[in-house]
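Residue numbering begins at 1 within each chain, and the chains themselves are lettered A, B, C and D in the order written.
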Amino acid sequence: MQRLEPEQIAQRVAADIPDGAYVNLGIGLPTMVANYVPDDREVIYHSENGILGVGPAPEPGTENPELINAGKQYVTLLPGGCYFDNAESFAMMRGGHLDIAVLGAFQVSARGDLANWATNNDKYPPAVGGAMDLAVGAKQVFVLMRHTTKDDQPKILEQCDYPLTGQAVVKRIYTDLAVIDVTDDGLRVRELYAGNSLEDVQALTGVRLLPPA
Amino acid sequence: MIDKTIDSFSEAVNDIRDGDTVMIGGFGSSGIPLELIEALRLHGARELVIVSNNAGVAEEGIASLLRDRLVRKIVCSFPRSAGSIWFERLWERGELELELLPQGTLSERIRAAGAGIGGFFTPTGYGTRLAEGKETRVIDGRGYVLEAPLPADFALLKADRADQWGNLVYDTAGRNFNPIMATAARTTVVEVGQIVPVGDLNPECVVTPGIFVNRVIARKENRHAAA
Amino acid sequence: MQRLEPEQIAQRVAADIPDGAYVNLGIGLPTMVANYVPDDREVIYHSENGILGVGPAPEPGTENPELINAGKQYVTLLPGGCYFDNAESFAMMRGGHLDIAVLGAFQVSARGDLANWATNNDKYPPAVGGAMDLAVGAKQVFVLMRHTTKDDQPKILEQCDYPLTGQAVVKRIYTDLAVIDVTDDGLRVRELYAGNSLEDVQALTGVRLLPPA
Amino acid sequence: MIDKTIDSFSEAVNDIRDGDTVMIGGFGSSGIPLELIEALRLHGARELVIVSNNAGVAEEGIASLLRDRLVRKIVCSFPRSAGSIWFERLWERGELELELLPQGTLSERIRAAGAGIGGFFTPTGYGTRLAEGKETRVIDGRGYVLEAPLPADFALLKADRADQWGNLVYDTAGRNFNPIMATAARTTVVEVGQIVPVGDLNPECVVTPGIFVNRVIARKENRHAAA
């Protein structure tokens, strides 16, 4: 079976980001999607702390400590970008103005419930940040994650057993095995990477998958 | 390349349909997109619901839409002004529905629609005629009225300058309702004095980020200077 | 009996505007208050369409058609002033950030109810503007009005019979006869202009007045 | 003449009392009023409720207040970060109350307090653990959570420049929570790089109007340049 490397999943997501899209990339792996968007597409990245038009990392020595992204990394601003406060930034998110949010996930359910902010370990100090606002607000939520946990347990389940980030919010799941759409009929495989059969992927999935339409 | 510029005023409004809700920026004579309103009038969509602070004076702006009987309803805080003859005439004849709102409730409802808020409690209007029929609640001893978000199909706005990404800056008090209406419409169309290249606007001074804007068009008299 | 001219009432209000206050002056007569604030006081005027630091009328020929106040008059901006949108302007008002609003009134009740936006003539097309927001939002609402109607009927009443702008919002009433505070005990005369007795003023008032404390 | 400038950091915070709610601006390492926080730490008010997006890292900023046991409760969206040792330590020991909020709910609750809104319905968090115990409502088929305004006694903020009227401009993403917190506190105190004469800030580019600001103070290293 073919398992993509994380960078390859990011590249696969990037292929689906259209020209002119307003996009928020979650902290961690989703941030890498920006590295693979084709040069002929102009994509405007949003950072929830209050930036539209996030540019690449600054040259060493030119960092502005005030100019960071949501992952607390130094960034730059593209020409045409701008700044705003946190309430306006979340108004943008919650108000449905972002075309796509790409988020990591612990689990996704059959109806697109997302669990990506907490585990069931109550001894671990919590943090939620902007995850719940992105989940309910973006026009489309794409999840980018490994298909299974490290010990090969499915992360795509009938019901999430981790605390939810949002109900029925995920539109599409990009894993290291396949691309899966959340539809009214259920989870439908959109794309099997070369070398993977529906049966292989189904075996690592906790809920029935529909074949590509 | 993202370029939200369009060249034709008629094209800027030609997908507005009968029955649509159209927000129109402006306060008094300031910040009104007069050329877009004229384009809408010529386009001729009917049964419109207009959301605006005022209802136009003389034969100008929104008054011209009223005169041509294109408007079914107006959502407004201050429809009557010196010279608001078409509003008064149609209202007195019962030919125009009016939803009258306190100005801060009007602007907060517009903001709520743009910000994904499902409703909010405002103290404004509590215990007055304008709260009749609305849900109320006493919170910490103070009376509040529940108000719903107010979204629109289109927003027709005026700004001073735009870039091709749709970032906007305004001229003094010309902001008024324009920045919030930009956030609340499915399609936001902005008439400006000048369209400048991306990167020309100071990112610390952009008032309306381009994400809220779908189309920008330079006024005809400024078109040459803008080129 | 001594009746002040409208300009004199405006002058009397102006004497009570402290240095450094943020003030909104209602359309019409209240706008004149600014003309009488002593020069040694710095007062910052708010205009509800989105201005702080409203300055005097521009020199003829220098008007900017975009730069008007809430009364649709051409104005200027003082150094230190700034602009904002209508939602922020009303957040300022409703959020209790203005020190004083000076408003005209048709009627004021014994507990400070304000009626200043509509009469009982339902054939007259309505308009409300920012009156209700100012009434509930400003830290102090001062009313500036004639003590009686043109046919000498009282405008200060047990209950307003015109539609209310706000309930229990007025803090002080400046009329052409007296200055009256709205207190928990009722309406208390704060100041009788020279030549007016409490009995004279009481006779033109629809509710019992308490004598100056 | 209005002049909100003060010269002493200790004076800037010396009326903060035990038990007060104090908002502190910043997101990650950006826009944090480090000198005001240090002044608050030295001032020593206890049992504080801190409202901030993060809970500090290492021994810096809010972490120093936690370490010195000045904080009873923190209202926060992302308290745990790399290096948030003091938050983690006190939380694990049960020595710190935590009210965890989605970031957009945190910022909207702060805005609501500043804007006189009595409460609002947000879709964020509906059906999740963070909505437990809160009133919910389905509006037009979508679930919402009712959230209350979140005011404060003090806001300690950072901006780039101020004038004597308290108008503020920021440095890039240093805005974050600072402009909204300015509106929500009884007393707003702002640490800036430079205080400029009234009239020097472009009125089209002021982000926080001075009406929301009570005190401005220049950072020590910039004091000389600001004179």
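Here are some notes:
Throughout what follows, a contact is a pair of C-beta atoms (placed from the backbone, for glycine too) under 8 Å apart; a residue touches a chain by one contact, two chains touch by 3 or more.
What you are looking at is a predicted structure, and each value in this text was computed from that prediction instead of being measured.
Contact count check for C-D and A-D (C-beta pairs in contact): higher for A-D. Look at where the CA atoms of chain C average out and do the same for chain D: the two points lie 34 Å apart. If each chain is reduced to the centroid of its CA atoms, chain B and chain C end up 29 Å from each other.
Between chain B and chain D, the centres computed from C-alpha atoms are 33 Å apart. Under the contact definition stated at the top, the residues of chain B that touch 2 or more other chains are 108, 111, 115-117, 122-123, 170, 172, 203-204, 207. Annotation for chain C: residues touching 2 or more other chains are 77, 83-84, 90-91, 93-94, 136-137.
Shown here, the protein chains touch in an arrangement that is not a line, ring, star or fully connected set.
Going by the touch rule set out above, the chain pairs that meet are A-B, A-D, B-C, B-D, C-D. Within the complex formed with chain D, the chain B residues making contact are 108, 112, 115-123, 137, 139-140, 142, 144, 148, 169-170, 172, 202-205, 207.
Taken in their complex, chain B has these residues touching chain A: 1-2, 111, 113-117, 163-165, 167, 183, 198-199, 201, 203-204, 206, 209-212.
By the touch criterion given at the top, residues 27-31, 53, 77-81, 84, 87-88, 91-92, 98, 100-105, 107-108, 110-111, 122-130, 143, 170-180, 207 of chain D touch chain A in their complex. Touching chain D in their complex are the following residues of chain C: 19-20, 22, 42, 44, 46, 52-53, 77, 79-84, 90-98, 136-137.
Put simply, chain C touches chain B in their complex at residues 47-51, 64-69, 72, 77, 83-87, 89-91, 93-94, 118, 123, 125-133, 136-137, 163-167.
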